[in-house]
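Remarks on the structure that follows.
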Amino acid sequence: MMIRLVSIAAAIALWWLLSLAFTASVLPGPLLTLQTLVENIAAGNVLVHLWMTLARVTAGLALALLIGVPIGVLMGLYRQIERALDLWVMVGLTVPSLCYALVCFIWLGLNEAATIVAIGITAAPSIAINLWEGVKNIDTRLVAMARVFEADRWTVFRRVVLPQVLPYVMASVRFGLGIIWKIAVLVELIGRPNGVGFQLFYWYQLADMPQVLAWTLLFTIVMLIIELAILKPIEHRLFSWRPRVEL
Amino acid sequence: MMIRLVSIAAAIALWWLLSLAFTASVLPGPLLTLQTLVENIAAGNVLVHLWMTLARVTAGLALALLIGVPIGVLMGLYRQIERALDLWVMVGLTVPSLCYALVCFIWLGLNEAATIVAIGITAAPSIAINLWEGVKNIDTRLVAMARVFEADRWTVFRRVVLPQVLPYVMASVRFGLGIIWKIAVLVELIGRPNGVGFQLFYWYQLADMPQVLAWTLLFTIVMLIIELAILKPIEHRLFSWRPRVEL
Amino acid sequence: MNDVVFSVRNLVKEFPGRDGAAPLRVLKGLDLVVRRNEFICILGPSGCGKSTFLNILSGLDPRYSGEIDVGGRKFKAGKPPLRIGYLFQEPRLLPWLTAEQNVDFAMRSCRVPSSRWAELKDRHFQLTRLDAFRGHYPHQMSGGMCQRLALVRALCVEPDVLLMDEPFSGLDELTARRLRVDLLDIWRDTGKTIIFVTHNSYEASFLSDRILMMSQGEVQQEIPIDVARPRDYDDPGIFEINRRVVKLFLEVAQAAAPATP
Amino acid sequence: MNDVVFSVRNLVKEFPGRDGAAPLRVLKGLDLVVRRNEFICILGPSGCGKSTFLNILSGLDPRYSGEIDVGGRKFKAGKPPLRIGYLFQEPRLLPWLTAEQNVDFAMRSCRVPSSRWAELKDRHFQLTRLDAFRGHYPHQMSGGMCQRLALVRALCVEPDVLLMDEPFSGLDELTARRLRVDLLDIWRDTGKTIIFVTHNSYEASFLSDRILMMSQGEVQQEIPIDVARPRDYDDPGIFEINRRVVKLFLEVAQAAAPATP
Amino acid sequence: AEPVTIRLGDLAQSVNGIASGVMVSQGIDKKYGLKVEYSVYPTLDGLFTAIRGKQVDIGFGGWTAFAQFRSKGVPVTMLYPVGRGASLDVLVTKDSPIRSLADLKGKRIGSYAGAAGTATVLLRVLTSKYFGYDPGTGGQLQYAGPGLLPSLLEKGEISAALLFDPLAAKAIASGKFRSIGNLADVYKDKVGEDFLWTGYATNDDFMKARPEALANFVRAWIEAVNYVKTHPEVFVAYGKQFGFDADNVRILQERVNADYVLTWNDEYIRYLGNFARLSNEVMGAGFLDSVPPAAFTTRFVPK
């Protein structure tokens, strides 16, 4: 905990030092940013935006995992499916979020469902790729063992394959959150009238960097809370059996 | 190969079917898009943009790997470093590419170096996270073996840890390409006067979807070539020892 | 006829050669009939194809030529009419599950009625003296303990046929002796059919109805063990047979791999 | 005094208990002096702490209490003045390297001059009859072959001290016999010090200068083997000693784990 | 009768927000039987998606964008102008040797508007027709977010920046920058016609369903603009939001009032056609190949 506190202090100090090299219109310091954030919160319009973005990010992540994990796993397990889908995944990865967002908004209307679908589809290929690599690397001897014990495919998948690719899922959730948050910013920008990303761009267009950083800071704090209060404990539980690497 | 051809044909057919549901101003079909692309190439201004973007994407990916892989690996190996950096990585993941781009452009000037730094820094946290999870999951018995044979840390890292996290590196390169291409589009938009992303936005603002899709198609083809001509062969070489998973 | 558990005719197994080299022919036309409730031991030099053979009999490896019937049915056509248990040469435990959870996994997979779990586990954990380690993860157990845990797992699902690949190789003599006796008890009580690979000729002589001496991908010798059961571990008859077996084995193995010049 | 390779005093090793349970004390005050060029065998029931002990001697596990000197120097303080080789209970091969590359890895790590590589590899691959499998990956080799490859790897780096954890447990009798004889030759020629864990009492009697009978975390008995070298595998003297060792072992082990009621 | 609800979408940082804000705050909309639901979008892309997606009934934007939409078959029609471009200035640092657009030949120029923005196109039309160079072809034009431009100018990364209000006014008011040309004025000077920059558009469905509401909206808008022109205190409040103090808010006030256009007739639309021709010569095919007549209507202009 000590290290972590020092590390945070160092980060803030670095930010502060950096901010000295720029004017506040380019990179405001931590104090000004915090002050802006506090004022925003006092003004009372922060929660709605935060809540909307958080809901979109969460739902988008869930959708991306729901699409990405099975596709990646199936591609890792079955050579036919791999061959059939590998190029699709690369295409899916290349199509800009803009295109997804546009098609979703026009097809499904300018609503939350379209937003979430656009976010989920944009992020799914990255997650699929991660799982695909993960499954190709699992220990086949354990799969053989499970088959000897007459485990059906679903059991093999859930109890032998999945635990082995959990680190990949964990990584996907972590960086998925980051990607999805970035996508959400973009999608909010072109199709939603609220949200942290919306605010971010709003103030960016006004060249009001203290506000831009205040909203960034807000979401950063939320992400840190997610990491410390949700992901770390989950990870700790899932991987408590694992001996620690020592070099 | 057969499967792959059928799969591509299916993708094109799906695109074509989807395009029937929309007007060309929303989702043009494959034929119109291809035609637009061919016309662009005939007009002779495609190569410069493609080359610029490709250079940025490649250099950005290299930088992101150079930053992300060591950080992720060190975090996986040493608990102290993990504690010191985990929050930094989450913060790095949350700061929007916009902020990175802004600071880089102002600090380093409106040039390619700033573009590449912005792209690299934005993508590095995702890669670090992937490697971090990867290293935590390696087989510690093999590390112990190497230590018994008096391998120094660098040897252990290069010859025991790295081969075990190669699937994570491979995944990082793959989805890294995708993320970085998306970041490049954004960065080109706010600070560069050329590139595929620049063209994409130009035509997007003109509401010219055939052009938007033509440029997307162009980069998709490039990504497919990268996948088939570079990544797949590398992967094949690296992992030829590995028995295939069968379920 | 229903008494035949395995009927193997002209079994040939090749592994593809490395980098275009000629394929490695590991099993070269193996023939074998195994009857219900037989206890067969396989002896053979390291690398002669014993594990390869068990892999095929277990159904894991379908890439062979030749014919195998199981319980009177063609083997390749779907699920065999018998439950085949297989104790691998390595323990193959799931590292993220505790000892007990590893056993639970197998029992759930095999659909052992959960009413019987507690009884089965208690019996076999006690048998292998692992009772105190039910909550340990595999990496917290010794090599021999992992091997015993794999045995617990294989016995708890009560297979009709049990393929065992050097199950006692990493155990001390006392533990191994006890388990051999216990295994014979279980075998007698449940009417299992057991194919048991070992490098310990005394173990083979004590346990089996007949010993197959494998070498160069073929069964070179078949040695019936005509000692009455129940057997005593220190029975001079077994001792005598073991002498013959060792001699035969050294001959067979020597013939297979002539001493380096 | 420089003749003492290991000097272990009151070695205690505990593993933290699971979920707040009392810690598991595996080594309970072990004392041992090993002299240069000794060949020591350790016998003991499964789970008694043999591998734990070798892990500590190899320098891999620094979490113990008690004192260990290596070659006259404190152990915990940096690199020991002797090269300690350790043959693990499992082969621990790098799966992405071929047999030969696995050996190369070890030789490069240990900085064996590359001029000697070819000679060392040739000699030891031939010794273990793995010459034809240099290009195979570990998953393409049998269990016994992997074990032999691990032996090749350990021998190729020419350690001064060799810790061996059941190196021949998965090998057939002929191969094992040959390797035992070869190991004794190497030991004689190179003046190595060897600590050898095995469950095979005959092997221990044939190989060692003295046998340590371990149980319950302590050395319960020390049995000197006073048979002249070079020894013959079928020497009746060894046979006689083995008889005693087995008897002693059964007593010691029985005392440790009284038969279940 | 019940007031008719109109969903109005504005661009966040645009000066048109001053008048539309007044329309709501002063209750001018109610006077004309309207209830304006006002929303603000951070970027044009977002606003255009909303206009096309019928999330707003009336939306703000550059007229070229509306013409482009219409020519791609998107049913939007511009019904009234907002700004003529008088707040589009090319800025340089105070002590820069650059005096006019002519001096910028071969220099790096930053534009906030993106490659397809009306403002960028206007700059390129003017320089290539009347100053002998096109910064767009030589890689001289840098498109950077408006927030970046003043800093880039100060760092010397660019020699001049094309900026709009309120940021342009703010930059000038800071004393660190000066204008070397107001693009609308330069255009009028060289071409002899008024330039048009931005306007309000609606979608065809709404136009068919609620023509009387649109007419009322235009009336309310005109009244709001006149209110702004006669009530300087509006700017004090608005300027505060952007960091203008009471002294220099006059700069903003003058520029914004000069920008508002209250003329909309066929003559004016003909001017647009002329600009479209010029711009297509400079931009090349695909920019504004034609100006579809259906992109504009004057039917809601009060007689």
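Residue numbering begins at 1 within each chain, and the chains themselves are lettered A, B, C, D and E in the order written.
As a convention for this text, a residue touches a chain if its C-beta (ideal position, glycine included) is under 8 Å from a C-beta of that chain, and two chains touch if they have at least 3 such contacts.
On a predicted model such as this, the values are computed, not experimentally measured, just so you know.
Following the contact convention of this document, B is the list of chains adjacent to both chain D and chain E.
Of all chain pairs, the one linked by the largest number of contacting C-beta pairs is A-B.
Using the average of C-alpha coordinates as each chain's centre, E ends up farthest from chain C. A separation of 37 Å divides the Cα centre of chain B from that of chain E. We define each chain's centre as the mean of its Cα atoms; on that basis chain A and chain C are separated by 49 Å. Shared contact sites, meaning residues of chain D that touch two or more other chains, fall at 90.
Annotation for chain A: residues touching 2 or more other chains are 22, 26, 102, 106, 200-201, 204, 209, 242-243. With touch defined as above, residues shared between interfaces to two or more other chains in chain E number as follows: 45, 145, 147, 151. Here the touching chains pair up as A-B, A-C, A-E, B-D, B-E, C-D.
Note for the complex: chain B touches chain A at residues 3-4, 6-8, 11, 18, 21-22, 26-27, 76-80, 83-88, 90-91, 93-99, 102-103, 106-107, 125-126, 129-130, 132-138, 140, 143, 153, 156-157, 161, 167-168, 170-171, 174-175, 177-179, 181-182, 185-186, 197, 200, 204, 209, 212-213, 216, 219-220, 223-224, 227-228, 239, 242-247.
If you check the complex, the residues on chain A that touch chain E are 22-23, 25-26, 102, 105-106, 109-110, 189-193, 198-209.
Note for the complex: chain D touches chain B at residues 58-60, 83-86, 88, 90, 92, 94-98, 105-106, 108-111, 137, 139, 153, 157. On the side of chain E, the complex with chain A involves touching residues 12-13, 39-43, 45-46, 49-50, 52-53, 55, 145-147, 150-151, 167, 242.
Chain D makes touch with chain C in their complex at residues 15, 18-19, 43-47, 50-52, 89-90, 126, 129, 135-136, 140-145, 148, 165-166, 169-176, 199, 201, 246, 249-250, 253-254, 257, 260.
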